[in-house]
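Note sheet for the following structure.
Chain naming follows the written order as A, B, C, D, E, F, G and H, and within any one chain the residues start at number 1.
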Amino acid sequence: MAKGKVVINEDRCKGCELCTTVCPHKILALDPKKINKLGYHPVTLTDPEECIGCALCARMCPDCVIEVYRE
Amino acid sequence: MAKGKVVINEDRCKGCELCTTVCPHKILALDPKKINKLGYHPVTLTDPEECIGCALCARMCPDCVIEVYRE
Amino acid sequence: MKPVFTRPRSLADVSTHYCPGCTHGIVHRLIAEAIDELDIAERTIGVAPVGCAVLAYNYFNVDFQEAAHGRAPAVATGIKRALPDRVVFTYQGDGDLASIGTAEIVHAANRGEAITVIYVNNAIYGMTGGQMAPTTLAGQKTTTSPFGRDVEVCGYPIRMAELLATLVAPRYIARVAVNSPAHIQQAKRAIKRAFEVQVNDHGFALVEVLSTCPTNWGLPPKKALAWLEENMIPYYPLGEFKVPKEAE
Amino acid sequence: MKPVFTRPRSLADVSTHYCPGCTHGIVHRLIAEAIDELDIAERTIGVAPVGCAVLAYNYFNVDFQEAAHGRAPAVATGIKRALPDRVVFTYQGDGDLASIGTAEIVHAANRGEAITVIYVNNAIYGMTGGQMAPTTLAGQKTTTSPFGRDVEVCGYPIRMAELLATLVAPRYIARVAVNSPAHIQQAKRAIKRAFEVQVNDHGFALVEVLSTCPTNWGLPPKKALAWLEENMIPYYPLGEFKVPKEAE
Amino acid sequence: MSEKLLMKGNEALGEAAVRAGCRLYFAYPITPQSELPEYLSRRMPEVGGVFLQAESEVAAINMVYGASGAGARVMTSSSSPGISLKQEGLSYIAGAELPCVVVNMARGGPGLGSIQPSQSDYLQATKGGGHGDYRLIVLAPASVQEVVDLTILAFDLADKYRNPVMIMGDGLLGQMMEPVTFPDEVKKELPPKPWATTGWTKDRPKNIITSLELQPERLEEHNRHLQAKYAQIVREEIRWDEYLTGDAEVVVVAYGTVARIARSAVDAAREKGIKAGLFRPITLWPYPYDALGRLADAAKNFLTVEMNCGQMVEDVRLAVDGRRPVYFYGRSGGMVPTPEEVLAEIEKLA
Amino acid sequence: MSEKLLMKGNEALGEAAVRAGCRLYFAYPITPQSELPEYLSRRMPEVGGVFLQAESEVAAINMVYGASGAGARVMTSSSSPGISLKQEGLSYIAGAELPCVVVNMARGGPGLGSIQPSQSDYLQATKGGGHGDYRLIVLAPASVQEVVDLTILAFDLADKYRNPVMIMGDGLLGQMMEPVTFPDEVKKELPPKPWATTGWTKDRPKNIITSLELQPERLEEHNRHLQAKYAQIVREEIRWDEYLTGDAEVVVVAYGTVARIARSAVDAAREKGIKAGLFRPITLWPYPYDALGRLADAAKNFLTVEMNCGQMVEDVRLAVDGRRPVYFYGRSGGMVPTPEEVLAEIEKLA
Amino acid sequence: MQQEFIFAGFGGQGVLLMGQLIAYAALYEGKKVSWIPSYGPEMRGGTANCTVVVSDHEIGSPVVTRPSCVVAMNLPSLDKFEDRVKPGGVLVINSSMINREPRRTDVTVIKVPATATATELGNQRVANMVALGAVVEATRVVSVEGLLDTLRKKLPAHHQDLLPLNQKAVELGRSFVSQVV
Amino acid sequence: MQQEFIFAGFGGQGVLLMGQLIAYAALYEGKKVSWIPSYGPEMRGGTANCTVVVSDHEIGSPVVTRPSCVVAMNLPSLDKFEDRVKPGGVLVINSSMINREPRRTDVTVIKVPATATATELGNQRVANMVALGAVVEATRVVSVEGLLDTLRKKLPAHHQDLLPLNQKAVELGRSFVSQVV
């Protein structure tokens, strides 16, 4: 089971990809199929099982889109 | 004979006594009897023979009252 | 599961007007975290600049004043002198603090005004569309330095942290960056410390934060982080330039 | 007999409005001597401040502009940019340069504006009747610090030479005093050098001159010289803070 | 009321501010108002207030912004060039609706000018000045006692309307000594300011002080609100004084110290049998257009006397609205008109 | 004349300045005029001129002072808050009689306001602003071509009268593109300036640029000289435009972009058979009082339309001097009146 | 004769340029023109629009409340400007990006699948040219030659190779117009 | 009744204080008063003067062109203000410092060797008190008791020992006046 859990507030995401660059497991990516209220492709977790809950993504996000939980 | 010669433009003197403090021979003093156009007691040479022409007085004077000549 | 990272309470739960990837947002969050951790939200008053952060007052759950361009330190002085037991901070850009507001920051610092200054240096005038700032790097192209900043004509980028550190009164002066998680952690410590200095020592504290402006640098947000690392940090060294005496 | 000391040609042959024993007069003379020795009178343009030296334009035989309070460096910038081959200097007091004009001097220096700045620090606002200056010493009584300058309330006296020396562009920055013949000789060398830097290197140069204000210090002129020596020099150390590269 | 004291206008103003409950004062020295910061540098510490010499007039007015936004009674003062530097800040203060008192002890202009008294900042104070549609309440005392009374009023009006109030004096008024009395009681009960940024105690919505409104619709709305407030001030706060205007054929219009001089001239004219009177605006904004206009029925003509090249005369013309000729006599650059000169002008018109 | 180009008002203004021989430009960025510094940052180096971004508006106006005093054609520009910061400098420049051009692409106020177009700095430009009795020549173009023509004129007037000239536009005019032509020739022959501080070559008396005159007698003398100059400008430089005023019963008075809008409304009114006309001041100072006043004989009433809460309307009242009613319609805060709105106002008065 | 246009869309759709091209083409044909952008806080990222007036005589107001033609390149633009079209005017909509029907019945609606057409042409960025073709065809504000001429003049030297593509886009745009208004 | 005074002299002669004392004394006697200094560039070092108006009714202009009394403590002051005295007024001159005769014949001239008298009293600084004594005696603007009372009130606590000296000076000053105007 995944060590970490990430909650993404999709409507706030601006698709800047700063989180994707810092995720050690590279499991964050923009979702090309979705467009949120702000008009951006929001970020999504490609492989939730791999998340270690390090919160680097959350700390890097300029828009406080991500919350992180861990065991 | 004096080594130095000092020319005092009395009308410009403001009687501040800065020159008197720096003269190595202490031969400058305000003339209590004179009052110049500006209303001050102007400086005067008390003992012209003692002047060595060092020009310290002139360099100290804020009002360029003194000119100094030497052999 | 336990929360590892949640939105700080002092950060208003709204979307900001900042461009995608603009690190102003990170700086906002770090300030909100410091306010939360020190539990001072109810006695904190913020001062917003004129610059992209002009609407900062909408983004914090604390009372705020919006200052004229460059005058935030004077406004903060007015607030602090009126209410000495409140915590007052300014949030200012590099145009705001290092250009038009030079006199105000120098003198607030020199007076040792007990305020916290968060100075966001993104080497450009963001809000007005990318004109040269006093901090724009040598050779950097902007809309008013279209051929690259010519240091012979307009001088060298100004290092405010170093300049202000020559003054006697300031208690804490540091420069940090927010272009990587590690730098962000450092930045967080510095910002918290800058508030502590005000709360505990009643002293002036300033943190210069190197920040990105992807829009006006003409770079995608990810590249902007790298550009900051490669170009800004070498010229604007990170570090603490002044720390409270007891901690030296 | 040969002349050892005569009035410099560039100094107008008139009586000044300065108080008896005010060392503004000495600084004027040293500037005139430098202009004479470099033979630049016909291409020199001076900029007078607002302060006791506001009428400086009457005292030099060169073209002059009178600037708004604190703005002499901006005015000088305008002149120099219009006429790059002329020699432009400002003459400014400590209220003018270190208080209201902080932004203008910092940025003229930071741009490396090729001007010479003579900055007369007498630790007080002379012209307006003796109010506190940013340079007023700790504990010094003035009409607006009647109980002595309280550094907790209004900060520490500001050392502009050191502050400006943190900038990259300035070529020459020095502090001198005019309270004794020996210091006056040093001051003379520094002032001349500050003009040479402009003429030869096209660089920014500033000389801070510690000066007396017997009237507002409430001291006879002679005692004012001693007060300067005993109180100002320990806080404002004399010396060269920045010298042209080749000469380092 | 306390004992009568002889005080300079500048100092009396400082004391009046203290009595009015002003506890913060930020300013930068300038002649001819420096006695005011000098006085308050001694006085403020006595009452636990703050005297802070700002690094500039620009800083001072922005400190006022901050302190006023934080709910304090606060004042700044300067003279003409320094007041010009405060214009951006004044516009912000008016836009953000912050109460404060700003003193201009005006001197001869333009530019560095002289340090002698002048009234040549009238239009700046009443019309132009900073950018945007805003108004200062402008009070023009003519004696040191009135300096005191109007200073106290100024703080009250500022708070009542959340608007900056300017006290418009001149070097003469600032330097002049006359007897004054002060109210014994220091103001203690100041009006509540629930809008102030005093720290958010959660029993109220978050307070924000700003003059920014990026949506023009909303900025227009805000401007409408300001205009409504100004209209209320016009209805309720106009003040003026009349002297022998009842049967006056020549109405002299003057304010501040010049009104004193004009009054002497009016007396002299009356002695010569000329029906002269004096109309003295006390509020320069709102201007007493109606009160002045009413005199146009009886008067033959109007003589505006100012210590400038003709500024208030435009308001006199607006008040008289073409019904009678309006003349102007002025001295400028720091020159003060004499009663004799004014009398001579009156005689020409009689 | 060169080929027609479509250009933004801000850029056209920059190019016109270059063609007028302006070689120094000092300014600080602000919306909505930043295209002007941006344009000149490219253009000035091409012609060997100086573009320098100043550290502030205060610095910029004082750089202008220095460069103008040194004999150069020089310009600065800003928008409302930045113009407020220049007021002290403007007063100095006017006092020292230095020619220069100052551009205000005004935006909604007061305070930080909005960045949308506005005319709410009218009174600041024409009456108040800085301290002391001085006047700016104020030119108000209504199209991009007129921006060009009046900019060139501005430099000539500045030099002719040794007086600062303000070009008063608004955000709309700065952002708008319209066809423009420029004079082919760059001005080469600039008027001699024997008074400039160019370095003292001993074939003339030493030159001093100052606005200080400590003796009030002499400052008054200087003010008299300035007033005489202003009187000459009033005699010689008033400019305005009239459209269908010959038989107009409703005279709409408007300037700048608003005059364009008003013109459309006048056309619409004529289509409905209403005798409407448009009076458009081109010089806001000196104001065309007489020309406007002459229309009072035929007109039934006057409608002033402004992008503010009512500023020029005072000048219209002064011009009409009580002979006809003067009405006002305005939008503020960055809102632009529409022809339809203006037409509705005209219809009320017809 | 006077025609007024509002071109509106996303920031990246080149709506300001559409307006400028029309303005230039009309200028070259001897008309009076004015162009104004909406500028403001929403500038960044959000929607953009500009107003163009083309007239035979001196232009009064460059600000237009009721334009004779609105070009809506996306849905927010249609929402914002649909009601403003003068009765009897023209409403051009980019049907690739707008999935709802216009409500107005008193104007001529021209649906142009501009984005789709451009994508087919291999370059989404010429969607504006497709729409422009339709505008010119429907309003005759300028001649097609005039528009193409203008394109030629205004394309920077290093982009002249894009001319045929743009030309194609304009032509396709015209083809969606069945009726000249 | 209204009287206007100009007190003029060197900076150090205490002329501003003379005016203030008269103003205070008059105030205590229930009169209306105003006092204005000349301030200006020449303030420093040079001459100083102040204008005092004492009146039974509201004071109009505090600025006075033709004072009823001028007190000239030195020659430049006499030169400057002699012509200004109202015909029939009083001109008090410090004859110790002024060696010329006044030109005016239409005013009452009172010569007071103020400096010399003060020097004799052992303190040159009370020359102003000598002159004040003469002024009060000649103009009766306030009573002598009023003046002395005021002196008592206004001398700071640590200078109260100077009271007898000042009193003496005033008395001597009065003795130089032969005629009450």
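As a working rule, a residue touches a chain if its C-beta (ideal position, glycine included) is under 8 Å from a C-beta of that chain, and two chains touch if they have at least 3 such contacts.
Here the structure is a predicted model, which means the values were calculated and not measured.
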| item | value |
| --- | --- |
| Steps in the shortest chain-to-chain touch route ending at chain C and beginning at chain A | 1 |
| Pair with more cross-chain C-beta pairs in contact, given E-H and D-F | D-F |
| Whole-Å gap between the CA centroids of chain A and chain H | 88 |
| Centroid distance [mean C-alpha coordinates] between chain F and chain B, Å | 60 |
| Gap in Å, rounded to a whole number, between the CA centres of chain G and chain E | 56 |
| Distance from the mean Cα position of chain H to that of chain B, given in whole angstrom | 39 |
| Junction residues of chain C - those touching two or more other chains | 19-20, 54, 66, 68, 99-100, 102-103, 106-107, 134, 153-154 |
| Shared interface positions of chain B, touching two or more other chains | none |
| For chain G, residues contacting two or more additional chains | 40-41, 45 |
| Residue ranges of chain E in contact with chain H within the complex | 4, 6, 31-32, 114-116, 171-172, 175-179, 257, 260-265, 267, 336, 338-340 |
| Complex contact set, residues of chain F against chain D | 24, 26, 50, 52, 54-56, 58-60, 62-72, 74, 88-89, 92, 96, 197-202, 206-212 |
| Chain D residues within the chain B interface of the complex | 1-7, 11, 15-16, 18-26, 29, 180-181, 184-185, 214, 220-222, 225 |
| Residues of chain C that touch chain E when the two form their complex | 41-45, 47-48, 54-55, 57, 61-68, 71, 74-83, 86, 103-104, 106-107 |
| Residue ranges of chain F in contact with chain E within the complex | 58, 80-81, 83-85, 87-88, 91-96, 106, 108-116, 118, 120-121, 123-134, 210-224, 226-227, 308-311, 314, 317-318, 321-323, 331-335 |
